[in-house]
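For clarity, chains are labelled A, B, C, D, E and F in written order, and residue numbers in each chain start from 1.
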Amino acid sequence: MPTIVVDGPRIPSIELKRKMVEGLTDVAADVYGFDRKIIHVLIRENAPENVGSGGRLIADIHAERSET
Amino acid sequence: MPTIVVDGPRIPSIELKRKMVEGLTDVAADVYGFDRKIIHVLIRENAPENVGSGGRLIADIHAERSET
Amino acid sequence: MPTIVVDGPRIPSIELKRKMVEGLTDVAADVYGFDRKIIHVLIRENAPENVGSGGRLIADIHAERSET
Amino acid sequence: MPTIVVDGPRIPSIELKRKMVEGLTDVAADVYGFDRKIIHVLIRENAPENVGSGGRLIADIHAERSET
Amino acid sequence: MPTIVVDGPRIPSIELKRKMVEGLTDVAADVYGFDRKIIHVLIRENAPENVGSGGRLIADIHAERSET
Amino acid sequence: MPTIVVDGPRIPSIELKRKMVEGLTDVAADVYGFDRKIIHVLIRENAPENVGSGGRLIADIHAERSET
């Protein structure tokens, strides 16, 4: 019953989400020596205006980059 | 100030959410021996394409089941 | 695969932890309409100097109370 | 790489989100003695029907208040 | 700045923790298309008496197994 | 009832924890326009061998730095 929670930006396709869940599960199953069956993954998709890095919103960092 | 966070699928009605919050609060207040007033609950509703179990997306597990 | 995380103070006995896990699981299984088997619970025990309420450490609130 | 996660109600403007991220980052950088660059913040906005306090949904507490 | 949090049992060696962090980071960097540098991982190790599965403490499930 | 969770390294004194809780609470109370009373803070202290950045354990990054 290990649980892996990933917080990041939006993941644009179900194929990529599938890849995320498969990949993270494989790593954890391998390290813990557990059956994949008992590993759970939660993907959280966060809007760029709800995430800050270095004291600035990702939304603002993106806006500035696209201006230049 | 204990906080309970429940991560699960969408809960389809406010009556069920009410029941969740009441029930979880009662259990925690009882175990901690605290007044219900200081117990907080957060319900997180997750899309089936953002949750994985056993290395597979819940969305895919559901799709496969409904095919058969 | 719903997961319930409880953050609170130390729970002083395994009997109480058992009661917490049983109780929370029953509530969630009932609300979601799921088998208890797929419900997971994590108990986090926090030191009073690592929790704040109203801008004050619980450790300080306790110390003040026991002085009076 | 400290991470601060804030769970609260909806924040109605990007200016307020900016203020939240800046303020929390400054406090953490100051306490840890770290450069602001490595501090991350996640804002989670929760619907009043997904939050409980004292065993009741915030949605119900609000509804009751506006009735009186 | 994606953050991955893994909640599971104790991981008995630093080599295994290294493998966990490397593996999870690689998967996330690949799926997001981000540089590994901005991916963070937190490992949380939970005592078997603080985790429940199917309404029972892992500590109790283990105890029962070793009896038989 | 907003809740702020800070995940970072060990904070070596209660004075610093006090400062963290006061500071984060003030920022959140100000942004939400709420009374400080309903703001909660949780400090999580993580060992350097349980945190990864850029695919490497903080414990390893520190060890390498002190070698040079």
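Just so we're on the same page, a contact is a pair of C-beta atoms (placed from the backbone, for glycine too) under 8 Å apart; a residue touches a chain by one contact, two chains touch by 3 or more.
In this text, all values refer to a predicted model and were calculated from it rather than measured experimentally.
Fewest steps needed to get from chain A to chain E, stepping only to touching chains, is 1.
The chains other than chain C, linked only through touching, hold together as one piece.
The chain with its Cα centre farthest from the Cα centre of chain A is C. Of all the chains, the one whose CA centre sits at the greatest distance from that of chain E is D.
Looking for a copy of the A-E interface in B-D, A-B or B-C, one arrives at B-C, which has over half of the same contact pairs by residue number.
Computed centre separation for the pair chain C/chain D is 21 angstrom, with centres defined by C-alpha atoms. Centre-to-centre separation of chain B and chain F, using mean CA positions: 26 Å.
Residue positions 1, 3, 7, 20, 24, 26, 40, 42, 51, 53 of chain F are each in touch with at least two other chains. Taken chain by chain, the contacts fit none of the simple shapes, being neither an open path, a ring, a star, nor a full set of pairwise contacts. Interfaces, counted as pairs of touching chains, are A-B, A-C, A-D, A-E, B-C, B-D, B-F, C-E, C-F, D-E, D-F, E-F. Contacts from chain A toward chain C in the complex involve residues 1, 3, 40, 42.
On chain A, the positions that touch chain B within their shared complex are 14, 17-18, 20-22, 24-26, 29, 36-45.
Chain D makes touch with chain B in their complex at residues 7, 46, 49-57, 59-60. The residues of chain E lying in touch with chain A in their complex are 1-9, 11, 16, 19-20, 23-24, 26-28, 30-32, 51, 53, 58.
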